[in-house]
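Each of the next two complexes has chain A plus one other chain: chain B in the first, chain C in the second.
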Partner chain A sequence: MLEVTNLCKSFESGFWRNKKVNAVDDISFQICEGEIFGLIGGSGCGKTTTSRMIMGFLKPDSGSIRYNGRELSTMKKNEWLKMRRDIQIVFQNPQMTFNPRSTVYNCCAEPIRLFHLAKSREEERSRVYEMLDSVGVSRDQSNKYPHEISGGQAQRLSIVRALSVNPKLLICDEPTSMLDVSVQAQVIALIKEKQMEKGISILYVSHDLDVIKAVCQRVAVMNNGKIVEMGSADEIFNRPKHSYTQQLMSSAI
Partner chain B sequence: MDELLQIRNLNVGFLVKKKPINIINQLNLDIYKDEILAVIGETGCGKSVTGSAILHLLPENAIVSGSIMYKGQETLHMKDSEFRELRGNEIMCVPQSPSTSLDPLMRVGKQVSECTLGKKHNRTDAKAVVKSKVTDIFGKLKLPRGASIYDDFPCELSGGMCQRVLISMGILTHPDLLVIDEPTKAIDWALRKDVLEILSELRQEMNCAMMLITHDIPLANRLADRVAVMYAGEIVEIGKTADVLEHPIHPYTQGLIASTPSKGFKVMKGFMPAFSDLPDGCRFKDRCPYACESCGQGTTELKEAENNHMVRCNRQIGQTEEGSVKYVGSYQLMQELRVGVLAK
Partner chain C sequence: MKNNLNKVIDFLNRKNVMLFVGGACCTILILVTILAPILELHDPTEMNLSASFMAPCANYPFGTDNLGRCIYSRVIEGSRISLTTASIVVILSAAIGTVVGLIFGYSGGITDAVVMRIVDIFLAFPTIVFALAVSTVLGTGQKNLIIAICCIQWTRYARMARGEVVLLKNAEYIEAAKAMGNNKFQIIFKYLLPNVASKILILMSLDIGSIILYCASLSFLGLGAQPPSPDWGAMISDGKDYLRFSPWMSLFPGLSIAFSALSFNMLGDGLRDLIDPRMRESVNPE
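What follows is the complex of A and B.
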């Protein structure tokens, strides 16, 4: 479904642009339909850069990203807008995903308005309330501003908001690293439930091995911009071959 | 054991839109000399507020009552100027979120040494002495480039390094009590292990009591001597680490442990109530799988279930014929209930 081949991205820094960092260095992987694919690695290994390139926020230096046969890396802005119905993302920081100047209701109604999913105001309202109910946020909280609701509520809302346009591919960029265990369990149960219901594919980016182990079917391990090991979750966690993966596994508490 | 810190009947509330909202309700807590007490619970349950109350760092709209005794001395109603002599010398803290807790315009070495240079009785210390002390600590915490990091700005360091700078700030004066707020939040897997190692080394070297505020249950399990579980501003269970984390009695603790990834992500039903409309009686009753009518009335007290293992629940304690205390209610039933909730 999603095919990433030989993807590269480097950043230049320094006064004369003389320092070059290869953030993502020649990586390739595929995500099949209805699969949860995990991407793990320490901080600064290029996980987020990869997910940003897939979403089109960053232009890759070379390599291709193909979604159902269509090339994403050279796509224009107006084409991307249509593509966003198929590919959605959940970010790390739940409070930052919402526009701080508009209410929770307007934030949730935005995708519906953007893609003309509702015919009237009443239908829009009922859809938003449905979204709020499905994640246990009470209706009177819809007039609050994003900073007034808790991190867990915001993260659950950002997941249902991403799913409200019925995407085929969802990218989760460390959705639970800012949350605590009980809320993390709620968020992951929500992701798994929606995945079973709608059969979407998920790219799950995280550094939390326990979560990846519980959620993903296939896993890729990244280090310094390269994929060092890829395989089924069972293989990676029980029989790691690469030294970096072994080191990562041994750092579990 | 000697009590280093005694908290009795602590109440903390905040004035929100001129209405007082009670957050911490009748909190009793002891921290003994040289022990690590972990306080766990979900976000917004009042863990950090408790820490701030000990440190006198609550915002101005807070209403505090009760008593906090430090080494037999009442600190809660102390003047700020008097308390400042304690805080920074004997009581220290390691604040939350390393990226926002450091002054971005000040070199990290100076920030760390600031707390010793500012004190009256230390003013004679030559700057060079303090500097060598700070570099020593940086070296001990395995910060790369030891001495030269003294002149770096926080933005030049990574998150894990900032966390270690904050820890070095906390231990510089060899405090007797260290309040550590969420040391592993949003931190990388490998760094989390480093932090764990640093803290367990410190504990062997420094002989100081620590109050570890966290929601990282494996971390608490490895470090702490005792664990207190908080829910909605109350301590619901407190006892030795092995007792609380391996044989939890309160349904909230059981649910919290079952929701960790290694125990299989069992989701507790419902959400924590808002502090502005708490239910009557037991604060957990709406989410409790065993809730009965008596849970809705009166207040539930902390009772001793086993040796030094206190639980705030009406249900769990049944007196058997021998007079010993027995845990009633089957864990199996609880599991089935939870699976049922998950399936829905």
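What follows is the complex of A and C.
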């Protein structure tokens, strides 16, 4: 479904642009239909760069990203706009995901408006309330501003908001790292439940081993911009081959 | 009673005084502008040569000028000219500048760099000199005065809006908006504009004061409203020849320029402190 091959991205820095950091260095992986694929790695190993390139926010230096046979990395902006329905993303910081100047209701209604999913105001309203109900956020809270609701609520809303356009691929960029443990469990349960319900594919990016273990079927381990090991979750967690993976496993408490 | 006193002190400490005094003065000014026909004692353009150079008295509270026109009525009528000119200039230049700043700031790249250098060139000119040059090309008159000041003033808004957008455009929620399928213009007008609007409003209220001054100085030089319409700057200019024996001719229009510029500046300062607490000096360093 999503096929990433030989993807490279480097950033230049320094006064004369003489320092070069290979953020993502020649990585390849595939995500199949209905699969949750995990990408683990320490801070600064290129996980987020990868997800940003898949979303089209960054242009890769070389390599290709193919989604159902279509090349994403060279796609035009207006083609991307149509593509957004198929690929959605959940960000790390739940409160920063929403426009601070608009109410929770308007934030949730936005994808419905953008893709003309509702024919009337009433239908839009009922769909938004459905979204709120499905994650246990009370309807009175729809008139609040994003900073007035809790992080867990905001993150659950951002997940159902992303799913409201029925995407085929969801990218979760560390969706639980800003939340406390009890809320993490709720968010993970929500992601798993929605995945079962709709059969979407998920690219789950995280540095949290336990979360990845609980969610993913296949896992890739990244270090310094390279994928050092890839395999089923069972293989990676129980029989890690690469030294970095072993080190990562042993560093977990 | 004591409680009330504490409240007042607390209130003064929070430095909102500026906002309230400025707001009150501006309200008075706007009321005067609206109620001008009621407040005027005489027709502001009516000449009465037998009553020229009269010192302030009961009939003519601010005295009369060389042609026997009532200064008080002319000052009040002049507020209409000054305030409408200033607000048209501010609204026009804010609209142009904000749109330019938002679009080029968001797009970035070479066009942004080129446009911002043009803005820099405009900002480097002293406003009065540039406005004089523009007025010379376009000719005198109220409309050309407005165009001349707008030509310079929009750049301030463009800079401000661009600076804010460059800060905001990498925010996560802008990226989220992109991911959700908003196009460039939806992001600019739905996301960036509301987040920039408060800053622009503050700049607008701060600007009105200086624009009133610019208008007055340009019409003092004879570029703005033409006689007999009672413009403050032109009135000062008329009075300068008679300054030695009838100073009221220039004094009262001058005072009203000072008053209006001051009150709009206070309003702007107060608003800035209210909305942007980083700019506020700390008064209570507990």
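Everything that follows uses one rule, which is that the second predicted complex is superposed on the first by the 253 of 253 C-alpha atoms of A that agree within 3 Å, B and C clash if a C-alpha of one lies under 4 Å from a C-alpha of the other, contacts with A are read in each partner's own complex, and residues count from 1 in each chain.
Keep this in mind: contacts are C-beta pairs under 8 Å (C-beta built on N, C-alpha and C of every residue); 3 or more make two chains touch, one makes a residue touch a chain.
Remember, it's a predicted structure, so these values are computed and weren't measured experimentally.
**Q** Could you tell me whether chain B and chain C fit or clash when both sit on chain A in the superposition?
**A** Overlaying the two complexes on chain A (C-alpha atoms) leaves chain C and chain B fitting together cleanly.
**Q** Once the shared chain is lined up, is A:Pro111 touching chain B (first), chain C (second), both, or neither of them?
**A** second
**Q** Once the shared chain is lined up, is A:Gln184 touching chain B (first), chain C (second), both, or neither of them?
**A** A:Gln184: touches chain B, not chain C.
**Q** Take the Cα centre of chain A as the vertex and report the angle out to the centres of chain B and chain C, nearest 10 degrees.
**A** Approximately 80 degrees at the chain A centre.
**Q** According to the stated criteria, A:Ser73 is in contact with first (chain B), second (chain C), both, or neither; which is it?
**A** Neither partner.
**Q** Is A:Asn223 in contact with chain B, with chain C, with both, or with neither (first, second, both, neither)?
**A** It touches nothing on chain B or chain C.
**Q** Identify the partner contact of A:Gln155: answer first if only chain B is touched, second if only chain C is, both if each is, neither if none is.
**A** neither
**Q** Who does A:Arg84 touch here: chain B (first), chain C (second), both, or neither?
**A** second
**Q** Of the partners chain B and chain C, which touch A:Gly42 in the superposed model: first, second, both, neither?
**A** A:Gly42: touches chain B, not chain C.
**Q** Output check: A:Thr245 vs chain B and chain C. Expected answer is one of first, second, both, neither. What do you get?
**A** In the superposition, A:Thr245 contacts neither chain B nor chain C.
**Q** With the two structures placed on a shared chain A, what shortest C-alpha distance in Å links chain B and chain C?
**A** Closest C-alpha pair between chain B and chain C: 9 Å.
**Q** Need the overlap of the two footprints on chain A, from chain B and from chain C, as residue ranges.
**A** No residue sits in both footprints.
**Q** Show me the residue ranges of chain B that touch chain A in the complex, using the header's touch definition.
**A** It comes out as residues 42-44, 158-160, 185-186, 188-193, 196, 215-219, 222, 255-256, 259-262, 264-268, 270-271, 342.
**Q** What part of chain A is in contact with chain B in the complex they form?
**A** 42-44, 136, 150-152, 177-186, 188-189, 207-211, 213-214, 248, 251-253
**Q** Which stretch or stretches of chain C touch chain A in the complex?
**A** Within the complex, chain C touches chain A at residues 171-173, 175-184, 186, 190-191, 194-195.
**Q** For the complex, give me every residue of chain A touching chain C.
**A** These residues of chain A touch chain C: 55, 57, 77-78, 81, 84-85, 88-89, 91-93, 96-102, 110-111, 114-115, 158, 161-162, 165.
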